[in-house]
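Sharing a structure below in structure tokens format, with a few things to ask.
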């Protein structure tokens, strides 16, 4: 069960309203690397995790992320507080228009959300659960969590880099640091599973697990520990990259005769005959002086 | 520049068409952990990476993932090959209906995509770039890549667990193994950056980087290396979890007087008076015999 | 700040796993009328509401909805618990396939989410913030809240109607009833604003506020208090429904001469001449024996 | 059957093109509270409503909303008319770039939609049927309709507040007023159902219908008619908020032995051991001088 | 202005309710090739088209498509009519569950939409304006319209192929045929623009307009009128496919020195050193017995 | 199998970074008419096409479009190269804020994607497979391909019209021209199918294939080859537009008696009585002085 304490986890002090900065901050409210995504990623994992230690930690951190959501949302509301009342009460049309369209998405946020904090990213795209990559296998999910914390840390770093308001900067520093702490916890939990690589249960097939296929070739080909050294077999030859199973590289399915026949009917009906050169809509469209196969206007 | 060789990277041999299995396989064609997501994740990173070794590797692997996309897509097409011609040519209404609705999403895929391989997941949800978590910072992106490979490996493992067709199982084994190999390469590249933790450039604030907040309390609280030991300060006390900056835990913004006034007008106009008990729409709706504050129908 | 208590708000007792029922229950976990939508609707309103009483209530109820989210998510996890381990450990391919494809979306949820509770609706569509209709004006938002509670109540009612498991039915009854209680609170808060109709600040234009336009005509036209009686002027005449301002019903804009000229160039370049009958791609495509204006195959 | 009269429902007179204002207006063309959403909400309800009076009204109003869609779309087209021809005909690159990027989303709309009126909101997000909250139960749907009209009224009010063009302002006033009229009709239809509260058929459970849980506590706790008075039981005690059914607040499911065993295997394989402190990827990544449990860079 | 006549454009006679068939029919109600998509495609084009003849036709056909939307929606409602009342009134739990989960998405549609006709496709995915490809240039838009009519015709053909109910089949035949008629009108309008190829205003660059690049090579390479004959230059040589401008095939930008310096800092900070072989998280995760570069579990 | 050559298909030379122009260019990277959409449209068709010539061509062109995706993505990266390092390294807050918010979506792209090329359109909307209209029937799909090439050609034309950088303009000219060449190939393939109109297999019903319904009437009605001439029967009379099958224009379904009864219960429970005039929530909300049926505030 969730409970709420009316104090924020971190005090928010905004120097002056700034709707454009507000719209940037939304990145961590309703954006893909934001706090709702974090909270929901850990919450959905926590609900189904069978390991009591991890379950406890996941709900601890999910709850903290909800508290961060409240902090960043409060920052957004404070930054929008200048425009909010004026828009609602209709004080000054032309000034209003200028104020909310000075950059970014602030006009959308003002018009549609009335200067509140909406679950959209800084580009006004609504939050979607497609951002959540929980799949219910801890050896994968905890790698996802580590990566998610790393990404969130970077977005906060960038927000700090474009903010001059000291109170906002201060709160962002707290939020950024907590992502580091969470990453450390998730790392501990992952490496407390032994073994955790390869993730899941099935081992890889030995004949394919150590090959590196050099699929992109030309000036710029490089070697490094990711494709060189004892563990790697480096496959350069284009012929050996195709049909690596030794087969013919074709796709086939065994069909019943009724299936086969229906497919043949379909193929016959829709055949593009290679043996003649039809007049086409493009020929018609190129106009009378264009010749049969005009590539452009004369 | 991309080029194409008409042989598949792995030969596909399907024993018999099965539209339902086809719809499961779509998970790795147009699903969040699928091959298009993988290819696009690495391709977008490769385009902007400044490090020549990583750039090379990212395009190598992106290209391989496109080749995997072709393999899994060919599996889908072969599994759908029985229903395709019959639907197109209209051979047998009732039988057709039964065949495409035997389970899962196969009816959608047949109706809308004509038995082809569509960029949707196994639940028919269209692929979205919201699945791509590239953010342009290698110390975060490579953690994302490691996690993505881990997730893809698991989905292949689950697909193998529900497949009985030996040719499909065989190809899935190859695809699963390659995710392991890619994860290894990405791990090497990440750890070749020194240091890579915390990700990005800014260090954490020392006062918040080692704290663990026990936000979820009750029976089931656990300790482990993720919240216990030399590096962790464990914060249990609810009072110390709020307003950790030592402030009042409130959100505030300095407003200009016109802003303040507009907000006050807005607040006055929309005040919910706590001091009287209005008749409401629910009261009206509960009906004449229900009394003023009915909680349900009598 | 949010906190968490390890006990659920309501005890969950599932009689036997049932992945199909699990996928139905997701409607209230990650669906449009579900608990996350409710929690986020009230949370975003609460963050920016200027009225202390409403702000308190909104966060109270948002927090309760998060606790409901945990209850319904726990129901989903329990209903999926039979398939989860088997899928992860690979115990029995054919049986597994049958089990997860017995109906609905259970295969998607198993494959992609490993039998956890995902933020998708019962049709596997990811949750989106497009479900949230918060706009930051209490005289509108509280009507939205009343409506949202009414909808959620109905979905729970339907879930109860299709469930036979007594423990699940019991918990659903609790959740359904709380929507009724929340609706009552929101009604009280709305009607404590005086006046609250019309919503917002601007009055309607008297010449259009009492008209009812009978746009759909024919057998079935009906009158009732919604379009009949002292307050309504019923407009039946098609002529009086168009251009109700008394103008010509056209759209016009004053253009600068360069703008006008560019538009004229554009119009001239792309004119469809009404005065001749071109041969078309359809004519070509209908085949040699079809005549110029074939409507179908001969 | 729908028919069309070439005159608009309201004459549109735009003083001068303004692509930025055009992009704001899109909020009511392709936005969540816009005219397409309104038309489709009532149309889908009207198709399945069993009550002849409501069915008639729903189609009347749906048809009027389609006519409003045409009015607002015509406003958008007129406001874009200055940029449209110039972009199509390529008159003046640098000027063009400046003109379409002066603010907001106008560049997107020009580039992608050629200066037409697209079904996107003012932030360029495509319209989605996720905005439609029709659920097929009149006691809920008509509350949704009332709320939707209230929201639409507010968005028009805000658009009027940021518009200086008198012709646009005039048409917006008409559109805003009609939302008030529609709300009145929907209110009448709702309250003509007796009883209509609680919505749907099932009554609430008496033990939970009158409780108010004070989930958010601290300075700012308030009482009002929404949680105080004869009908309400106010639950303040955290202990009485959890497991309100009197159970243990845990989630459980009865599993078959094979299910149990598979889950145990899964748990054992993926256990995070709490009893030792592993070296982690973060430790490796923090660099040689960082010590085993670095919280940041030294 | 739109108006409505209470008679459908085509009479709908359903032999018996069938929720599964209803969910298939949704493909043309709320699916990508369905009637709403058609209506909105032509309506948005019609609003901004400068040509009076095309404008008239676009609104004629948009209006007819809305009338078709009503027909297909009515079919859905009739097919759902058996389940609707039972679900709402709660008559028979177990039977209800079986009935709505017999296949496809019918459970979602019943639960969430109460047996109405929702703006989703047959896979329950909400309609999105991303389906609309209007771009405001008639020489492109009319080709889109021709293609859209062709696709819609095919989906109706497939629906007819899976339907046994004679009344439904009959109405589908009407709807299918109208797509053919509309395609003919759009073809006429397109070819009445002279010239209409290439679409738009700018001619192609002669050096690239007639080349065909054989990018996919191997067994299965074919020639036909699409890449062979007088108009085509066939480019087979991989060397001549890259950097066709004769340059070095690299991407470059001229940077200011501050920009250059910042990029160099970034590159240095995040360099993956190719010259040493780090221990990685995968190495840690493979477990103590696995060796430094395990490719799988031993 | 796909392979990659490190040289681009066209050399990219950017004169100076310009994040705003970068965001415009994204239209053809991650937008609906962009290169990923093109590549995936042809790739999915190629995988399932039964005709060897078309299959070859589709994969040829899909591969070329992937190569174009790389070119346009490289343009985006080069245009963003000025802001990228500065944002990552934190060089200059205020300057940074100004630079990334000078217009359009550049702030989103910088913040969220770090100045890389993301799979979003110029309005920051993530790419979705809803853009792909492949349905698996060549007589429809090739019309879709022709239309898609036409649209892409226009977007490139518009991008050229707003670009002053000569290197970018040059590359855009190449990309635009290739769309013309592709359209020509697709036209040839379509018209090599005989017949190809009507698309698919079923002929239209003769009684409906040649009718043109004049649904939009009034000043502006026009005739042209699209609705006039030997092939067309022009239906003007509103009566003849409804119920064209000669029936009553109603929707009906034969119900079993239990179904009928449940529906009647539902209708009775939710009836809106037309015979009395209820007090409503709007009446309550309009305030004491407003009278029972206030249309606005007095």
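So that you can tell them apart, the chains are marked A, B, C, D, E and F in the order they are listed, and the count of residues begins at 1 in each.
Note that a residue touches a chain if its C-beta (ideal position, glycine included) is under 8 Å from a C-beta of that chain, and two chains touch if they have at least 3 such contacts.
A quick note: this is a predicted structure, and the numbers were derived from the prediction, not measured.
Student: Which other chains touch chain B while also touching chain C?
Tutor: Shared contacts of chain B and chain C: A, D, E, F.
Student: Could the interface between the copies chain C and chain F be described as same, meaning over half of its residue numbers are common to both, or is it different?
Tutor: same
Student: What's the rotation angle, in degrees and to the nearest 5, for a C-alpha fit of chain D onto chain F?
Tutor: 120
Student: Averaged over CA atoms, how far is the centre of chain E from the centre of chain F? Could you give it in whole Å?
Tutor: 8
Student: Return the distance between the CA-based centres of chain A and chain D, expressed in whole Å.
Tutor: The mean C-alpha positions of chain A and chain D differ by 22 Å.
Student: If you average the Cα atoms of chain D and of chain E to get two centres, how far apart are those centres in Å?
Tutor: 24
Student: Where in chain E do residues touch at least two different other chains?
Tutor: If we look for residues of chain E contacting two or more partner chains, we find 1-9, 32-33, 53, 59-60, 63, 67, 74, 77, 84, 88-90, 103, 105, 112, 114, 120, 123-126, 128, 130, 135, 137, 139, 146, 154-155, 157, 160, 180-181, 183-184, 188-194, 197-198, 200-202, 204, 209-210, 215-216, 220-226, 231, 238, 241-242, 249, 263, 266-267, 269, 272-274, 276-282, 284, 293, 295-296.
Student: Going by the contact rule set out above, which residues of chain A touch chain B in the complex?
Tutor: These residues of chain A touch chain B: 5-17, 32-33, 52-53, 55-57, 59-61, 63-64, 67, 74-75, 77-79, 81-86, 88-89, 91, 128, 130-131, 133, 135, 137, 139-140, 143-144, 146-148, 150-151, 153-155, 157, 160, 170, 173-174, 176-178, 180-181, 183-186, 188-189, 192, 197-202, 204-205, 208-216, 220-227, 231, 238, 241-245, 247-256, 258-259, 261-266, 269.
Student: Please output the residues of chain C touching chain F within their complex, sorted ascending.
Tutor: The touching residues are 139, 190-191, 193-198, 203-204, 206, 209-210, 222-226, 229-231, 272-278, 281-288, 290, 292-297.
Student: Which of the residues in chain F end up touching chain D in this complex?
Tutor: Contacts found on chain F: 20-21, 23-24, 27, 31-33, 103-105, 121-125, 154-155, 157-164, 215-221, 238, 241-242, 249, 263, 266-267, 269-274, 276-283, 293, 295-296.
Student: Please output the residues of chain A touching chain D within their complex, sorted ascending.
Tutor: Those residues of chain A that touch chain D are 1-7, 50-51, 53-54, 87-88, 90, 93-94, 96-97, 100-103, 105, 107-108, 110-112, 114, 120, 123-126, 137-139, 146, 180-181, 183-184, 187-194, 201.
Student: Spell out the part of chain C that touches chain A in their complex, as residue ranges.
Tutor: So the residues of chain C in touch with chain A come to 1-9, 30, 36, 40, 43-45, 47-48, 59-60, 62-63, 66-67, 69-70, 73-74, 76-77, 80, 84, 88-90, 112-120, 126-130, 132, 134-137, 200-202, 278-281, 284.
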